[in-house]
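Can you keep this structure in mind? I'll have questions shortly.
Letters A, B and C name the chains as they come in the text, with residue numbers starting at 1 for each one.
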């Protein structure tokens, strides 16, 4: 299980890549491993406004279903259109082709609430199944 | 105690292994106070002969069974080929449970897959589930589904001509559902939903319309017309068919623009059995598949490429999604769905078309004969399948007289529709021969 | 185990396609009277266009088709089927005969009451028997299944409290509860709050006291719980809930452990549901039909579904106008055919027979527990009731999981126990033998379980590959869910 260095992480197991004021969001390798084979992904619509910690999507495996939460507030500028028809990307490449949503960040100070890779690794180690 | 394989001797051996003195001791964690008041005050058990004798005695007092009956109102007499019940008595079918272990449940799973296919075909839609409890709860679940799918809309427009029990069940299901609102649309002189009234009621608050077809009066609704109006306002169209044999002769709900269609499947190979068990048929358009309630069986492949069937899209259901499930349904009507599947396999395409035609002809002939005497008139002008409404003087007295003559002639409508207290519905199927119809006309004259 | 392995054309495992794949134009399975008069009765725009795709198969082929399908099922009648919390007991064949008596099978639900006296009396007597068994005051048979019974019960609670001018938002539900509990409560508009059990899975009065408040409508609890343990603090728990104006819903799925031992009505339950297809021997049917009658204490009786049975001067009838009733949950009177079966069962056993059944059911479960607890980790130590929960903890080093054990059991000709439920136990394997099993069967099952544990150490690959003695092997459920194919269509088959 890897947690790339250049990303930040939320308590809901999303990763965030910050480039200027745009955040790319997906779910971490811990989350995809917990879920198992992903069979369905529901993404927000481009143009939607999301608030931090809002449920903005749904991800389903054969045996579980989970909300995907917005790690930051902002506006959805792009969603990964390849994902709904190729849900295995979430398992095979969670940090790359398995990305889900791009958000234009409304409040950069919210980044401080996210975890650094080392912090997230600890967090995961302590997580109950 | 013929159902209990254990003997005094085997019980003693097991007690030794468990490490207790007597059977009572395995309950030592149950508070004494509860143990002391738990005795069941029921008579001693009966051997099989006496049990069946008691049941036969009760059965014999259901004298409606001996009468010539033209009852409909949501349950219909149809002929069931002997093979259906014979196959249903295969213990491998009836004593199995939910096919959670698909590798050893392919019989059940493939049969459900066939059922889903047949239901989708009959209702003219893309996907059907593995069954609901009955037509009424299926209609209620369809309404809840429409509310789920149409997130910001909270209103449902329900036809007053829909079976009263279906409307009652819907009302119960909607108690406590935040925001959900039901308004009723009436019927016009033809016996159909009042189109002008419906058009006036529809707006952007309406999630869907729910219409019975054929309705409680036996009248076939103009679903194509109604769904057109609904669609203009962004509302879904839900149809509910209490007499699923009508689907053999009438244009399918899906073909007429319905988005979700439900039906009571009892007419298709299921005995009347005082109203249950029946089976709810439920189908919808593909795009709504993830909002569907109930179990779904899908095609799958094993490691060697063999085709098989599994329960699928289970994340909609209660055992995974719990309080956010699309429904709370778990056990449905599995064996009855199987009965419908076997029946439809036997009757098949041609048999259905023939039955449809036969029911139409018999019922239309019956209405003609009943109204020939002048005492009764056809109440509604709109087309009907095998159930029709007639109007006459003192319906209750006429039904009483008929009963005394050994004929249960129909169902009076006054209880649910005060303005129709001079009317009753009569159902006629392929089970009624010419002499039966003549007898009906005779006792009603 | 029937069949020499996976080759379906050999031996007893006969191959069989979908019924539609047997379609041949012109074949019929029934001979119909063809109506006279060719003129079309319905106007053109209302006529059925086509029923293409519906089967065109002869009767012998239809019969063969379904007979073959039946042979691919393991069932409670053919083998030990220890699904926890399902109570897969023997389905007496006399019950089937009773339900098929024409006096019941051919009775129309709208028949005038005076012509259906036997049916109404049967239902009234069944209501009374269930009330006696459970210690409740009144019963309605209307709900079609346990989940619908739960829905009915929660609707009644809501109606009652609304009547008192005391509408509440929340319901407390243990984490170990069956999924239908929160699903049913949510359908009534309630917010669910989870209660944790202690290390024995038991809900403690203290935990309930902390969670209870005047905005909590009810606690839903299963007794015995889904770990097979009697809720030892149930009376105190009920008191805590009642003291703050809440009500107690008891999930009666595990009633097979309590008959003649403890009555829910004496434990503080205000409403419970019965599962006729569990405790009362009606067949599971491959997924129903069941029946989920509800029993209530007097305070909730006014809210029971309409219509109700009334007896006046020896005449039975239906009354549909009780003003506080929550209304109907199902058309007509419920799954009547299942009432006939349950009635026959209770009549055949009597109070003593039901009590004995509970005793043997609990003894059987404890026997399995005692003989397997060295080999498989027991989730909760000590006596269990009618079911016990094991886990795969002792197999950790072998890489074999609960799922693998379940799949290997299929090769031994057993239906696997319930797996991964309750959710509060990791790798749960819930075994409920019921009273219908002999000591020989239990010993054979134990031997199979022990053999699998041994095989896990010696040849885990064989278990990972299991099942290999079944018509199909493990199916790719992920693929099935990604691109669902939920019906046969002609286009995809040609």
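In the analysis below, a contact is a pair of C-beta atoms (placed from the backbone, for glycine too) under 8 Å apart; a residue touches a chain by one contact, two chains touch by 3 or more.
Keep in mind the model is a prediction, meaning the values are calculated, not measured.
Indicate, using Cα centroids, the chain positioned nearest the centre of all protein chains shown.
If one averages C-alpha positions chain by chain, the most central is C.
Write down the chain pair with more C-beta contact pairs when A-B is set against B-C.
Top pair by contacting C-beta pairs is B-C.
Centroid of chain A to centroid of chain C, CA atoms only: how many Å?
38
Go ahead and note the Å separation of the Cα centroids belonging to chain A and chain B.
44
From the C-alpha centre of chain B to that of chain C, how far is it in Å?
20
Can you list every residue of chain C that touches 2 or more other chains, as numbers and ranges?
477, 481 - these are the residues of chain C that touch more than one other chain.
Residues of chain A that contact two or more other chains, please.
40, 60-63
Counting only residues that touch at least two other chains, what does the list for chain B look like?
Residues 314-315, 320-321, 324 of chain B touch two or more partner chains.
Quick check: in the complex, which residue numbers of chain B touch chain A?
Within the complex, chain B touches chain A at residues 290, 314-315, 320-321, 324.
For the complex, give me every residue of chain C touching chain A.
So the residues of chain C touching chain A come out as 420, 426, 477-478, 481-482.
Per the contact definition, I'd like the list of chain A residues that touch chain C in the complex.
Spelled out, the residues of chain A in touch with chain C are 36-37, 39-40, 60-63, 87-88, 129.
Going by the contact rule set out above, which residues of chain A touch chain B in the complex?
Its residues touching chain B are 40, 60-65.
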